[in-house]
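Shared chain: chain A. Partners: chain B in the first complex, chain C in the second.
Showing the complex of A and B:
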């Protein structure tokens, strides 16, 4: 066998192996998503069948969710609104606190500001779930249990350290000369913040805003712990109630999950380019 | 323009913090309001029934009730958190609290003693339901009543009549005694498989999670004489030869059919809902379940409810005598620290009046049984011979002999259940090919270790 032929064979084997691994990974990744879609398009009686495709595909489950015509979905759109309210508020508060903090530490050069950044990041060494009871206690003391503000406060607490870190790293790439020029022109710190700092931080703002929104959008532990009534809970908590009964309507559960996943998907794809730029910015600081 | 300095920023932050810390506790319920947490229903009628009952009480007393529905696991997590922090509701009904919350909370003196409430209906309550409210308080070193029974259930067996008939049998062919009864469904499977149908005879729950698998094991343990696994004085009795023999037989009778392929392989991962779904999908000919919910959930499908689904109570013992069953009692409780204790107790006292409880249970479509014989005797609804399921459940739960679960003797057994010690033994036998003796040795060692931490007296 000639060398060229051996090399061709070797390349072929490499490509084939790569293709096989890729196909396996693709199936592995997409199978759960396919299953969610499959179940959502099956009738209740068909869900447990062994067929890999819906025998009689139907959108009735989506219609039921849309019309809130199943008893556990009676408040679906309201709960969706709760998720939006919490998610958007968390995003806005995280951006506000993160940008102000990074501005004060990075641009106003507050003394020992690095300690604040490091202390904030240190909170990530404690898993979120470990702080559930202390948070529950604090919110109880301040009368915030069963109030969305409690979940917002918790999520903002967990999102801001990362936000401060990213904003500081990103802010370091903005020349200080711009601030100095503005100051010479008579700009006050708030004016520098709003007119110079924030516009230049746009990519990082998009990235962190999306991150904070998704963090609270998918939150379950704190949402169920701190919220109780059917009108204040978020969609993940409401969907958890599907599994309490003796006959879980899996098709409705999957349809509701798909509808709930649409807004984050839209947000992700709408801002994908800017988000990637913002998230990687922290890693290229010289 | 005023220049904002670092000092201004710091002062602002400090002021905001002070305001936050000084904020009065808004959680204090307005006087007269009662905060109630209730187990999420399995179907809509269960929620509606309690909403109506609470609305009725509000109307009669003028006291507002803040009612929240939660799944049991979520509620237990929240209650454990709340009892540590002092932020708890005034009344709780949690179906699985009898095993997963009350024993430990009573031990830790975290629950109100509800003897005064229980006493108002003591004459009406079935004896096992009263015993099921009795738990040990380690701080006070005594047993007392830390819950009030609302409804009860015992393990039932659900069977598809059309599948039995398809295998060439009739109802009359189904044996009445323990071993023969369950073996029969293996024969049914063989016959159906011979016709090319991939159906399993037995829908045993065998997962190390949730409650169904533990309920099934308890029924088998009792069927073979393991009643004395924990003695009434709270002592563990796992080394007793009779108990060990019963446990070994129970493990053998549950795991052998699985290993032989008479139980769906996925049963080792089934949650409480999954055996129901497997039954509805006719993947199994029969499945044991904690209540008659499998049939009740289909009560609007007349053909299925009246003709196709059969409900059996527990079989007779192999000697032909009635078997003991565990009566699971779903409790109401009041955590210590409830801000409106009087309101919670008043509501509970009113709710457990026989007519009130009866009306509530009927409105829930009667998945559970009443805890009062008065309801059974005075309301023909419960014994209506036209209903193929409810009178069978009444017979098994309220007429035949029952005992409370063993955590009423010692809360250690609640930990045995939550750790799924018995079901882990089943898994060791089916998944790791461990011998029954080895698996039992592990069970005994773990149970002894758990009971060491819960010394009564």
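Showing the complex of A and C:
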């Protein structure tokens, strides 16, 4: 076989495997997503049918969610607001605590900084759900059940360690000479923090703010345990309640789930480069 | 869940001029700056850990647990979930990360679609998988009927199939995340290494074994440990795909702990359930912390 022919053949094989893998991947990825959209476009009677494609696609489920005209959805927009409020608060607190701590470890370099790093590392490696039972009891003692503060506290606790790692890593690329120059000009640590450190950390702040917001938006277990009802419930908790009943309005559930999934989807794809930017910063060290 | 990053080793900095001479006032500032995190760590990590261990320290809870017929099945489920969920997922992610290093707009576009399960919150996806696998009205069995005119299996009504479905849901949701991590790892390998291997006439398989694998081994190990820990604590997949059913046969430790504590109203037994994961969790955490410090890789 001539060299050119071997090359053409191997390119052909590459294209063929590429096409096969692509088709398998697309089916694998899109099947559950298609199912969400399919069910959300079915009328109530059609949910319990054997159709693969909606027979009479309708937006009535979305309309019901929008108008909150079903008893499980009667405060849907309020719940979206709660999710948003808790998410933004978690993001702001995570940024505040994370930057302060990373400033102490990385820039002020106190001797006991390694203890802070280890504390963060330990928190990062504990499965969040394992502390749910004691956390629930403790919040009950403080009288914070059914209070968003309890959920905010636990989400900040579990978002901060990752924030500290990333800030330290990012901060290492900012030359120490800047801090030293500011010191010679008579700047105090808070002035260095606000005028030198924070402005230079802006890209990392955006990435971590997004991360904390999404962690909170997606969190179910603690919100479910700590927010039992009334006006403080978040969307995931409300979606979970659909499963409890005998009646299964799956079309409404899926329509509500789509509306709930849209903000994080937009954020993921808009900040994709920022979020995978961290991926390419370091590399593999074997 | 976290976005990913590989942590850069901190370059050795020249000894700072004020290293020894931290002013007294600076010390106060450092203490003030560190206080919020120390407070959070003490109140929301240390205190709950101690309280949890105390809650789970009653021997009667463990006796009740051992008498519970669901418990042995739960242990087996947890191990199967970790073994298959984590390893299948990471092996697939490793293979796919190689696929996505191919150049061209087509593969970039495919990667964007492939990322979707990671970007969609877990709950809608797991709920969709639950309904998709419904034996009577689910999409999968509807498709099976249309194609073959036979009834598909009752995915969520048989213990083994239901556990398999939970593992499928877990892999579906988290495969893109780990693929992106490995993709970043592969892209960070200097091209010259592959070019040198090409010059020596290495085949694709040889390049994978002698260049990619040695350089990715550390990252792969860290990912396995971390993914195992996260899967051990995962509550949502079981809760929303199988609900622990049929007949409580697909519970894992994380969901059984919550059930015992809140549905049965016995926090001591719930905590005991969770604490029986410690013989697995503690070695994993120690190994992981050592690896993270040595490799400076954070995910």
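Please note the rule applied: the second predicted complex is superposed on the first by the 265 of 286 C-alpha atoms of A that agree within 3 Å, B and C clash if a C-alpha of one lies under 4 Å from a C-alpha of the other, contacts with A are read in each partner's own complex, and residues count from 1 in each chain.
The rule is simple: contacts are C-beta pairs under 8 Å (C-beta built on N, C-alpha and C of every residue); 3 or more make two chains touch, one makes a residue touch a chain.
Note that the coordinates shown come from a computational prediction; the quantities given were computed from them, not determined experimentally.
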Assess the superposed three-chain arrangement around chain A: do chain B and chain C clash, or do they fit?
-> clash
Touching A:225 in the superposition: chain B (first), chain C (second), both, neither?
-> both
What's your read, chain B or chain C touching more residues of chain A?
-> C
Would you sort A:144 into first (chain B), second (chain C), both or neither based on which partner it touches?
-> first
Once the structures are superposed on A, label A:49 by its partner contacts, choosing first (chain B), second (chain C), both or neither.
-> both
Mind working out whether A:254 is in touch with chain B, chain C, both or neither, as first, second, both or neither?
-> second
Report for A:110: first if it touches chain B alone, second if chain C alone, otherwise both or neither.
-> both
After the overlay on chain A, which stretch of chain C ends up in the same space as chain B: 75-83, 165-173 or 255-263?
-> 255-263
Common ground on chain A, meaning residues reached by chain C in one complex and by chain B in the other = 47-49, 104, 108, 110, 132-133, 136-137, 188-190, 225, 240, 243
Going by the contact rule at the top, pick out the chain C residues touching chain A in the complex.
-> 1-11, 13, 16-19, 22, 25-27, 29-30, 33-34, 36-38, 40-41, 44-45, 47-49, 51-52, 55, 96, 99, 102, 107, 110, 112-125, 127-129, 131-132, 136-137, 139, 142-143, 145-146, 172, 180-181, 183-185, 187-189, 214-219, 226, 229-230, 232-236, 239-240, 243, 254, 257-258, 261-262, 267, 270-271, 274, 277, 281, 284-285, 288-289, 292-293, 295-298
Once bound in the complex, which stretches of chain B touch chain A?
-> 1-4, 6, 9, 20, 23-28, 37, 39-44, 47, 66, 68-72, 74, 77-78, 81-82, 84-87, 271-273, 276-278, 280-281, 283, 289, 293-294, 297
Can you list the residues on chain A that touch chain C in the complex?
-> 18, 21-22, 25-26, 28-36, 38-39, 47-52, 96-97, 100-101, 103-104, 108-110, 116, 118-123, 125-138, 153-154, 156-157, 160, 162, 164-166, 168-169, 172-173, 176, 180, 183, 188-190, 193, 207, 210-211, 215, 217-218, 220-221, 225, 236, 239-240, 242-243, 250, 253-254, 257-258, 260-261, 264-265, 268-269, 272, 275-276, 278-286
Would you tell me which residues of chain A are touching chain B in their complex?
-> 45, 47-49, 71, 104, 108, 110-111, 132-133, 136-137, 140-146, 188-191, 224-225, 228-230, 237, 240-241, 243-248
